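The structures come next, written out as structure tokens.
In the two complexes that follow, chain A is the common piece, with chain B as its partner first and chain C second.
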Partner chain A sequence: MGHPFPFSYEILLPGLPIFWHTFYLFGSRSEFTIFAPDNGRSRLELLQVLITGLGQGCLYGLIALGFVLIYKATEIVNFAQGDLLMMGAFFGVTFIGIMKLPFGLGLLTTLLAMAVFGYLLDKLIIRSMIGESQFSVIILTISIGFILRSVAGGIWGNDLLALETPYSGEMANIYGLMISQEYLVVIAGTIVLSLALFLFFRHSSLGIAMQAASQNQLAAYYMGIPVKRVFSLIWAISALVSGVAGTLMAPISLVSPEMGFIGIKAFAAAVIGGFGSLPGALIGGLIIGCSEQLAGSYLPPGFQKVTAYLIMFLVLTLRPQGLFTQIQQKKV
Partner chain B sequence: MSGNILTLRNVETYYGPILAIKGISLDVPAGRIVTVLGANGAGKTTILKTLCGAMDPQKGKISFLGKEIQKTDPDKVARMGIAHVPEGREVFPLLTVQENLMMGAYGRKDKQGIKNDLDLVYTYFPILKERIKQKAGYLSGGQQQMLVLGRALMSRPRLMLLDEPSLGLSPLFVQDIFEIIRRLNQEQQMTMLLVEQNANMALKHGDYGYVLENGRIVMEDTCQNLMASEDIREFYMGIKDEGVRGKRRWKKRKTWR
Partner chain C sequence: MRFIFKTSYLQDIRLLKHNGYVFWYGLLLIAILLAPLLLDEFYIGEMAFIFIYAIAGLGLMIPVGFTGLPSLGHAAFMAIGAYTNAYLLSSGYSFLLSVALAGIISSLVGGLIAVPLKRMTGIYFAIATLAFAIIVEEIIVHWESVTGGLGGLAVDYPVILGFEMGETWQFYFICLIVLLLVLLGTLNLIRSPSGRAFIAIRDSEISAESMGINLSYYKIKSFAISGLFTGLAGALFAHRLAYLAPDAFNFLLSIQLLMMVVVGGLGTVHGAILGAIFVGLLPQAIAIAKDYLPPFIGEFPGLEPGLFGVILVLFIVFEPMGLYGRWIKFKLFLEMFPLYRKATFKRQKSYLKTERVQ
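Now for the complex of A and B:
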């Protein structure tokens, strides 16, 4: 099965401005201001834009990681991934913002809650759909997304919430670069999490069993690996990663039930990465994050919103299997 | 040790709407190699799949070490001590040889025992030791078959189910594989249920044999007797004992259908 196109109306909305801007771009030359490095300040500015892009890209990458984890193991594309992020952000707001737990403890509680949530989601709902057609499973995940959104709206309200953290609002000054600390924390958090995941999948017995179960499900059963539980654990990890992304994102953008739509851009990131590779998902996220920020500062307004999809479109045309794929063929 | 470690009684399994095995009863005594012979579609693989829990039988009883195991999940059956070596060399292609082997020991806690078994596997399959770090997907077919056998050994099973270990291998490799199977049986007292199309090899190395046709057992005997049987020689080994006139008499021809 190829990669299903994301069913979203968000992808249609920015469509109009882009035509208008293309017209504008070629209509009058004065608007044509792509890359104009005149002075030393602009290089600094470029760096700043890139670092913001990296931070944003890390968020996309983390969500994409969640997509890929589940897809690789169970061949389910979980369209509720963005909404898992939203749940993570709300858990973060609840534990840190409302219950006033210390930040570290609150983060841990959030992650734990997300892992349990993901585990139960698979065990109670998704698993009952095993053996059904791919399409119904996709519809199921989409509807889970809808349900999560309205449940979150019911519990926490549809207003925008803010998450106060010890580091929010601060600017770090690195050699004259002014970078908001939120983005630095996002980047650091992503590095730590990816390292942890790498070590887990490379060296722990459970991690290798997860790889085994995703490569050859039946053989994994024959080896005594409890495949069903392993799949639920993969959902738990995926939800946990989304929870990290949600908590890290909460101080940057406000928390609302609609924030899960960022998942669509993360989906694009996963497609760019090849949808089967964990590092690919992260790098896909970084590519989208950076190019989005670049487009935001150097291209006419409106481009920022479509960059992710333009890149996905390009990658799908030029290299449909994605940038990083593990190609495997079975010997007969 | 004596007695049967595995018994099947009147097991019936459906493959979708098709009754693939129609009331099978067989016994596997401890420390023996029991073979099941049969043509394509006779139901050999279905028997193994039913045994290991990948398919559920409609009727009948399967007891392993005194416990009934029909309709148990395959991973639980595996942890009870049945190692299934499926046909077609189902390795984990992107894991290394060593990781593949360690997956066989998944669920075992005795570190020293696992290490000993790993060494044991490497003494039986020295070629695997040379390729510890290589990804299993890049091994040759014969090496993959050895890897799968070794992986099954790593769970220290009480019973090994071997599904066509000779499938798609060169005659030389087939000899090697059967040699190792025989040695495992003699040196490790490993009990095996061997399913084969290669009747010649299976009968040469097995102790007791069942002949399966259309989902039914039509003959059972010791492998020596089966080897001597005219029908087996003709139908499964392609050896014709020709009569005086160069043809078998029609009265002696046999079908079970």
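Now for the complex of A and C:
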């Protein structure tokens, strides 16, 4: 592969520790050049980039799923979703990394803690905002995000923490394709979670009650659905989903109070998916994850950070209601 | 309680409704004009800062408070104003021209960005403005020939007609003049047909449209005017910072601006000013309070953004009409005493999707 190429990948991915170590594990650096003209090799690398993108996209999709869950049910846009993910990651680090629980048990504890956290957040603060204007709710959730970030910084410190898992650092070799296992776990976790959510909303009575409450709060109330509790439960589920995303993300990136800013990109994913549709959110996440990785590999530096927003702008300009929209026009 | 008997239309649209207004606002103006003689230089600097915030707050109030367009990206306009001003100053333009151009360019960007934004409502609008701010920040980082990139850009002293305006009190008066112009502009705007159209759009897009208001035209206009004011604030902000770096104009600044209009009181001119005073004084108040708090709280990392959040939550939950709303309630309480009823200001809630105003 002795192809002289002016850029090393480090120049193309400045300041992104998240992705570096995936690439480092390939072995010697000279083996990995991005624009290698050798066809078979470059196709493999394209696949590599795409799979990393899928893994990253699944994370975006999971966070977007959290947004959409809450939005569908309560018409509240939770700008603190990224910070819920951050809390999830910190819980994961606490239970698995610091308290040394076995991974499965630690994950379960994390999810439980997140669910309780989400439930209480709704019950204590958000519930009083039902029926208020969307704008007030946006500001409320943004400020909750600020509070969470500050509290997390106070409890766990502002340093970067790492989470060791049984599967981290391992590479899976699939037909010559080297993929970091962390990403495989992310993809698998996303599939399992989406299936579980699908079954829950389709078949359980609580899930159906949630759908009813999301379609018309008053009508659901008349039908005997405890709308308030259902909303709190939806917050619990959404926080749980972000907990999963946080724990899956923790081994890939490092854990810090600032990691919640990923939520803004997930937002773009949810918008692309149309905000009303759960599969749309996942697809939006995948679109953003893949295109971001592609932009990072094939476009000048700086593009990777804004790809998500550029795509979102494009989608919103062409279809202001999103790609897979379910929101109808407002009646007079 | 005072009843004003209106005898002409001109009286109806007067800015100062009666002599009480003339007296109190005149007193306030005199106090502000005399402040540099009486106060320490540090406080003059802080007041100039509050003026800059107030200009930006008025700029944000126009889309958020009057037109009902929730912008989460107004730091971008401040950045555009600041960098335009700094760049033009460094390439030899005079101060007055470069500040004016900073406002105009920011206004053009506002108008342009409103073209795709005008079709979006509610959350989509908010998220798109947020994305706009992030893209602008990224452009600033990478357009190094103009902005200096991450290295930053130094800002020269303002020079007006050959006089160097390096002193704090001089800068204070520059900010004051711009603020007064912007204030008058805003007050006149909201009683003009355009302003009425903005308010109609805020209250209901559908009824505004049925009254013959061209939605996209007025939304673009609202954003262009907002861009002008916020850009002017940014240009002055550049002098206050003296050295520009991209991270001065991040998401936190957008939120600070938003906090200003929310805490002050959405949809009122007073609100922008009160909010600016509040946000401008808050860091000082926190710094002073730190000395008296137990070290566990005082040394808490990230105390300031956290406190910002707490204050915003408290206002949104308990006093959505902001500081000015509180003042109006208090005034009415005094005027109506003992007949004041709490239910006068009861908030309306809407539970059906169709009832909800976006």
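In the analysis below, the second predicted complex is superposed on the first by the 288 of 332 C-alpha atoms of A that agree within 3 Å, B and C clash if a C-alpha of one lies under 4 Å from a C-alpha of the other, contacts with A are read in each partner's own complex, and residues count from 1 in each chain.
By definition in this document, a residue touches a chain if its C-beta (ideal position, glycine included) is under 8 Å from a C-beta of that chain, and two chains touch if they have at least 3 such contacts.
Since we're looking at a predicted model, the values are computed, not measured.
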item: Partner chain(s) touched by A:177 [first = chain B, second = chain C, both, neither]; value: neither
item: First (chain B), second (chain C), both or neither touched by A:162; value: neither
item: Which of chain B and chain C A:216 touches, first, second, both or neither; value: both
item: Chain A residues touched - chain C or chain B, whichever exceeds; value: C
item: Touching partner for A:143 - first (chain B), second (chain C), both, neither; value: second
item: Contacts of A:191 with chain B and chain C, given as first, second, both or neither; value: neither
item: Touching partner for A:205 - first (chain B), second (chain C), both, neither; value: first
item: Chain B versus chain C as contact partner of A:116, first or second or both or neither; value: neither
item: Chain B versus chain C as contact partner of A:224, first or second or both or neither; value: first
item: Contacts of A:153 with chain B and chain C, given as first, second, both or neither; value: second
item: Contacts on chain A seen with chain B and repeated with chain C across the two complexes; value: 216, 218, 330-332
item: Residues of chain B touching chain A in the complex; value: 52-54, 73-76, 78-79, 83-86, 88-95, 99-100, 102-104, 106-107, 137, 140-141, 144, 151, 155, 168
item: Complex contact set, residues of chain A against chain C; value: 71, 75, 77, 125, 128-136, 138-140, 142-147, 149-151, 153-154, 157-158, 216-218, 257, 261, 264, 267-268, 271, 275, 301-302, 305-306, 308-310, 312-313, 316-317, 320-322, 330-332
item: Interface residues, chain C side, partner chain A - complex; value: 64, 68, 70, 72, 116, 119-124, 126-128, 130-132, 134-135, 138, 141-142, 206, 251, 255, 258-259, 262, 266, 300-303, 305-313, 316-317, 320, 347, 349-354, 356-358
item: Residues on chain A engaged by chain B in the complex (per definition of touch); value: 205, 208-209, 211-212, 215-216, 218-228, 326, 328-332
